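These are the structures, in structure tokens.
Both of the next two complexes hold chain A, though its partner changes from chain B to chain C.
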Partner chain A sequence: MNSGDAAGSSSGGSGDAGAPRRASRKPKYSKFTQQELPACKPILTPKWVISVFLLVGVIFVPIGVASLLASNKVVEIVDRYDDACVPSNVTNKLAYIQNSTISKTCRRTLKVPKDMKQPIFVYYQLNNFYQNHRRYVKSRNDQQLRDASKANETTLCDPEKTRDGMAIVPCGLIAWSTFNDTYTFQHNTNNLSIDKTDISWKSDRDHKFGSDVFPKNFQKGPLIGGKTLNESIPLSEQEDLIVWMRTAALPTFRKLYGRIYVDLKENDTITVTLDNNYNTYSFDGKKSLVLSTSTWLGGKNDFLGLAYLTVGGLCFFLAFAFTLLYLIKPRKLGDNNYLSWNRNSAGH
Partner chain B sequence: MSLYNVLFTSLPVIAMGVFDQDVSARFCLKYPMLYQEGPQNLLFRWSRLLGWMLHGVGSAVIIFFLTIASLKHQAFRKDGEVIDLSILGATAYTCVVWAVNMQMAITVNYFTLIQHICIWSGIFLWYLFLIIYGAITPSFSTTFFMVFSEALGGAPAYWVVTLLVAVAALIPYFTLAVVKTWFFPDYHNKIQWLQHAAKHADPEEELGVVLRQFSVRSTGVGVSARRDAKLVRTNSKVIHADSSSQSQATVELT
Partner chain C sequence: MIQMADVGVGICGQEGRQAVMASDFAMGQFCFLKRLLLVHGHWNYQRMAYMILYNFYRNAVFVLMLFWYILHTAYSATLALTDWSSVFYSLIYTSVPTVVVGILDKDLSHNTLLYYPRLYEAGLRNEGYNMTLFWITMLDTLWQSLVLFYVPFFTYNISTMDIWSMGSLWTIAVVILVNIHLAMDIQRWVLITHLAIWGSIAATFLCMVLIDSIPIFPNYG
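What follows is the complex of A and B.
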């Protein structure tokens, strides 16, 4: 009966202890609970759609051109040597490579196709080598690599855990299979020095491989998988091992071997003296030596530039197509006759 | 990486589910034909669900192969470093986070502040996570240790690849959405066009008349349908009893 009270309670106001009033269950109004927040309701108008496609095209085509130009600027020499470096009279390549008494030195000649400015990066490339195999990737023990006191931690390192009852440092298949071909270079009969420092990531050297951890009991078994390590050098300075232990993502990969800080001119001859030690013959792997320059985008890969150009071109085409369709549009937006269920039921 | 499902894509999806409105409340009341989208099973048909699943698979294929083809065995930085498993993984993951959040941005019909916060913070949180997780000691973060701060952040190739892959994964859906709303619009799409046009003019008058006529046509389901069908049966019995000798043909109702 109290109209004042009724008005007060129906507005959902805060409670007041005073006169008895009808308890209101109406929730407090707020824009959030009533879903009336200020909002924009984007809709795919022709203006928006065509301008979005044009914008994407306009951004992507120049990036594609720049990427393609960068990739074309890279000069790369790739030389596959695992087939050529085995003498022609050898039939059983596996036995040849596993025989440690035969000298595996091999000479290769490379020709520089275009001027290469320093720094020139030397990589070794492996094909058909699955460093991303699950069991392989897990076959390491990070604690052992980092901490000298944890030298006996060899969990997950099967089958390279212990030898003659003593733990192997570094344990695991990744370390066991470290690449062990070596290369020396000569440039037009002058010796070319390779800088093999700083080829690994700094975070690996500082945090993942201990400076007081030394190799122990390593490659002492009947099957030698790769490189033998100098037991007086700590792991944080064994950069070839560190580089190798950063497992590659794809079955064809390169790893940094060193850097050359000399400019190479077109038609120069580089003579490579290499030791063909690493066994890729039992699984049809390939080994190659790569010399490459780099740009802001990295090495030579035309795909990025081409993909950008393709997507940009596709967007231009779609913008053009939608413009045409909008101009010749066959029906007004909002015509009800084209509702799907109305088309079927004709009479009503 | 199960954190992915929980954190990086759940927030925008929840925000979309709770806050999205394809048609505002006022227009909903005005056009009751919108209700027919339920009984006609227009939104949860198998074909539509399978379409979305196919879109997910297609986007994943695009993201995966584009990332791998862009970052192959060559160096990805000026200093000659090559990619490894964690770098490729982090790049692909970044592309997925961008693609999913931008997909949300395209799909949402009703952009409030909350949608903005969820979408952009989803992306920002991913980068924050990369930096923070990468800063934790490698005994916990293993291969992701400093992957962003050292390797990816300063590599232009990373940002270039992310832009390409995220946009390329979205173009198919965007194109299909445009074609659908322009040429094969659902009823709620039409109302959206009306809402949009209503801001400039007031054309809903004539259309409103037409739409209201549709609203009163006979439905196929529900209480009113059963009542109408019963009426038809009763009427036919009455006519039958009344004039059984007369026109038998007219009795063939239904």
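What follows is the complex of A and C.
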């Protein structure tokens, strides 16, 4: 009986083992696939909203005040001369400026409004000059500017590519239209020297304009667009060209002409002798000469300070408004009456 | 019947898999229907609705910002951004946070959704995506693109700023703005979400530095 029982149980046992075990189709558990990763769930309570607005206000208002103070410290002299430097008896300004036989020298007198500490930056400012026009921005060949062996690369430089079958170096409209007004300064009858070195980006001088590339065949055509270049100076030392070829982003822009390392006192007189060569008359452009000091923020611009003050003030106002709302009409967090099925008692 | 319905659910089981082949969702047992509808259906609707609105916003803010610049280049369609930056915008700078939030974000836990089945009605009433929300998003996009363009414009208006530096400023501004907009709308912050958002901003800085170091591009230097 024991053996019978044993046989029975063993057969039962083997019967159990014989039926196929259902393999579990359940996917392996992981926190990522079950979307149970530890999480933080921030909720916009009135305390948080008011605190964040106050914090933003407290940070922005001092920055705005500091920026405005810095901008007010900058002393700037802006003198527009393109209309004043054309003699009054000239009716056709375009013909006047294109006539290379007439002398275009002009004298301007500037008065220093406040004490200016050196270094004083001298800029020329152009208005309504679209250096950011698509065809203009493309009209250059960087390989040719960098490498003397690639002098014949003139793709994209139309229409200033070749002259008499030979490639123009540097080719393109940007180089062709380089600004060519010159300025000399006198301070209270003493000559003021202007430092024209290091006015371009150092990376441009080292890597973009080759020290073995010389201008060739440049401004030899019937239409002269701007400055003619000295063919014995390599491109990496032609700083006016390098400054001009860094195309400006907006239609009103300034470009660095040089620096003055002399302090100027209030009510000093600066006499500028300038050559009014550059043609801005055919497109209603304006030319101005700018002398400016600079601070940690740069030149004279109130906008950033005003923008920070506006946003800071708005944040304070909103914090105040939300505090009032919270005190007058508070709403309990987790109030069940706002659930959709509790709100419309008439509907479902 | 499965094909005519809005959402067709098939059960795969003893009677074969024909229902599964015709359906949108397939599951093993009838009792799974409750979770499919109330939990995953709700999450799916909420994520999908937000992602559609966010994607409209993300792309429109970028394109509008480029458009406002054209008004100041004598209408000549100059791109202040480099070509590669505008390609990478959709690819690297802002795509990863979108995907991560679309997969992982949850507004309510599955326990809450199962306990209050009427929360499913939010989808039935089109509360996540409707005409009003769409036009509010578009107005918000217009406003944000104007701020994005004009704050750097007025800051650098009469200065020595060159075109490629302005482009870099606009690129980094739009990427930070779009990512912070997403960050303000995320309801559950998980480690992966943090990595995606702040990592994208860091990746943008890195890519911009790399693109500006390639000598053959015009923005070099």
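Keep in mind that, in the parts below, the second predicted complex is superposed on the first by the 309 of 348 C-alpha atoms of A that agree within 3 Å, B and C clash if a C-alpha of one lies under 4 Å from a C-alpha of the other, contacts with A are read in each partner's own complex, and residues count from 1 in each chain.
Criterion: a residue touches a chain if its C-beta (ideal position, glycine included) is under 8 Å from a C-beta of that chain, and two chains touch if they have at least 3 such contacts.
Everything numeric in this text was worked out from a predicted model, so none of it was measured.
A.B. asks: After the match on chain A, would you call chain B and chain C a fit or a clash?
C.D. replies: clash
A.B. asks: With the two complexes superposed on chain A, say which partner A:V61 touches: chain B (first), chain C (second), both, or neither.
C.D. replies: Neither: A:V61 stays clear of chain B and chain C.
A.B. asks: Using the touch definition from the top, say if A:P38 reaches chain B (first), chain C (second), both or neither.
C.D. replies: After superposing on A, A:P38 lies in contact with both chain B and chain C.
A.B. asks: Can A:Y308 be said to touch chain B (first), chain C (second), both, or neither?
C.D. replies: first
A.B. asks: May I ask you to decide whether A:R25 touches chain B, chain C, both, or neither, giving the answer as first, second, both or neither?
C.D. replies: In the superposed model, A:R25 contacts chain C only, not chain B.
A.B. asks: Looking at the overlay, what does A:L110 touch: chain B (first), chain C (second), both, or neither?
C.D. replies: neither
A.B. asks: Touch test for A:A249: chain B only (first), chain C only (second), both, or neither?
C.D. replies: It touches chain B and chain C both.
A.B. asks: Going by the contact rule set out at the top, does A:H207 touch chain B (first), chain C (second), both, or neither?
C.D. replies: A:H207 sits against chain B and chain C alike.
A.B. asks: Is A:H133 touching the first partner chain B, the second partner chain C, both, or neither of them?
C.D. replies: Touch partner of A:H133: chain C, not chain B.
A.B. asks: If we overlay the two complexes on their shared chain A, which of chain B and chain C does A:I224 touch? Say first, second, both or neither.
C.D. replies: In the superposition, A:I224 contacts neither chain B nor chain C.
A.B. asks: More residues of chain A are touched by which partner: chain B or chain C?
C.D. replies: B
A.B. asks: Return the residues of chain A at which the contacts from chain B and from chain C coincide.
C.D. replies: Residues 35, 37-42, 123, 125, 131-132, 137, 142-143, 146, 201, 203, 207-208, 246-250, 252-256, 298-299, 301, 303-304, 307, 339-341 of chain A touch both chain B and chain C.
A.B. asks: Under the definition above, what is the set of chain A residues touching chain B in their complex?
C.D. replies: For this pair, the touching residues of chain A are 35-46, 49, 52, 56, 60, 63, 67, 74, 119, 121, 123, 125, 131-132, 137, 142-143, 146, 201-203, 207-208, 246-250, 252-256, 259, 292, 294-301, 303-304, 307-308, 311, 314-315, 318, 322, 325, 329-331, 333-334, 336, 338-342, 348.
A.B. asks: If we count contacts the way the header does, which residues on chain B are in touch with chain A in the complex?
C.D. replies: Those in contact with chain A are residues 19, 21, 24-25, 36, 40, 42, 66, 68-85, 87-89, 108-114, 137-139, 142, 145-146, 150-151, 155-157, 160-161, 163-164, 167-168, 171, 174-175, 177-178, 181-187, 190, 192-197, 203, 207, 210-211, 214, 217-218.
A.B. asks: Using the touch definition up top, name the residues of chain A that touch chain C in the complex.
C.D. replies: The touching residues are 25, 35, 37-42, 123, 125, 130-135, 137, 140, 142-143, 146, 201, 203-204, 207-208, 246-256, 298-299, 301, 303-304, 307, 339-341.
A.B. asks: Going by the contact rule at the top, pick out the chain C residues touching chain A in the complex.
C.D. replies: It comes out as residues 28, 72-74, 76-78, 80, 104, 106, 116, 118, 121-122, 125, 151, 153-163, 165-167, 187-192, 215-216, 218, 220-221.
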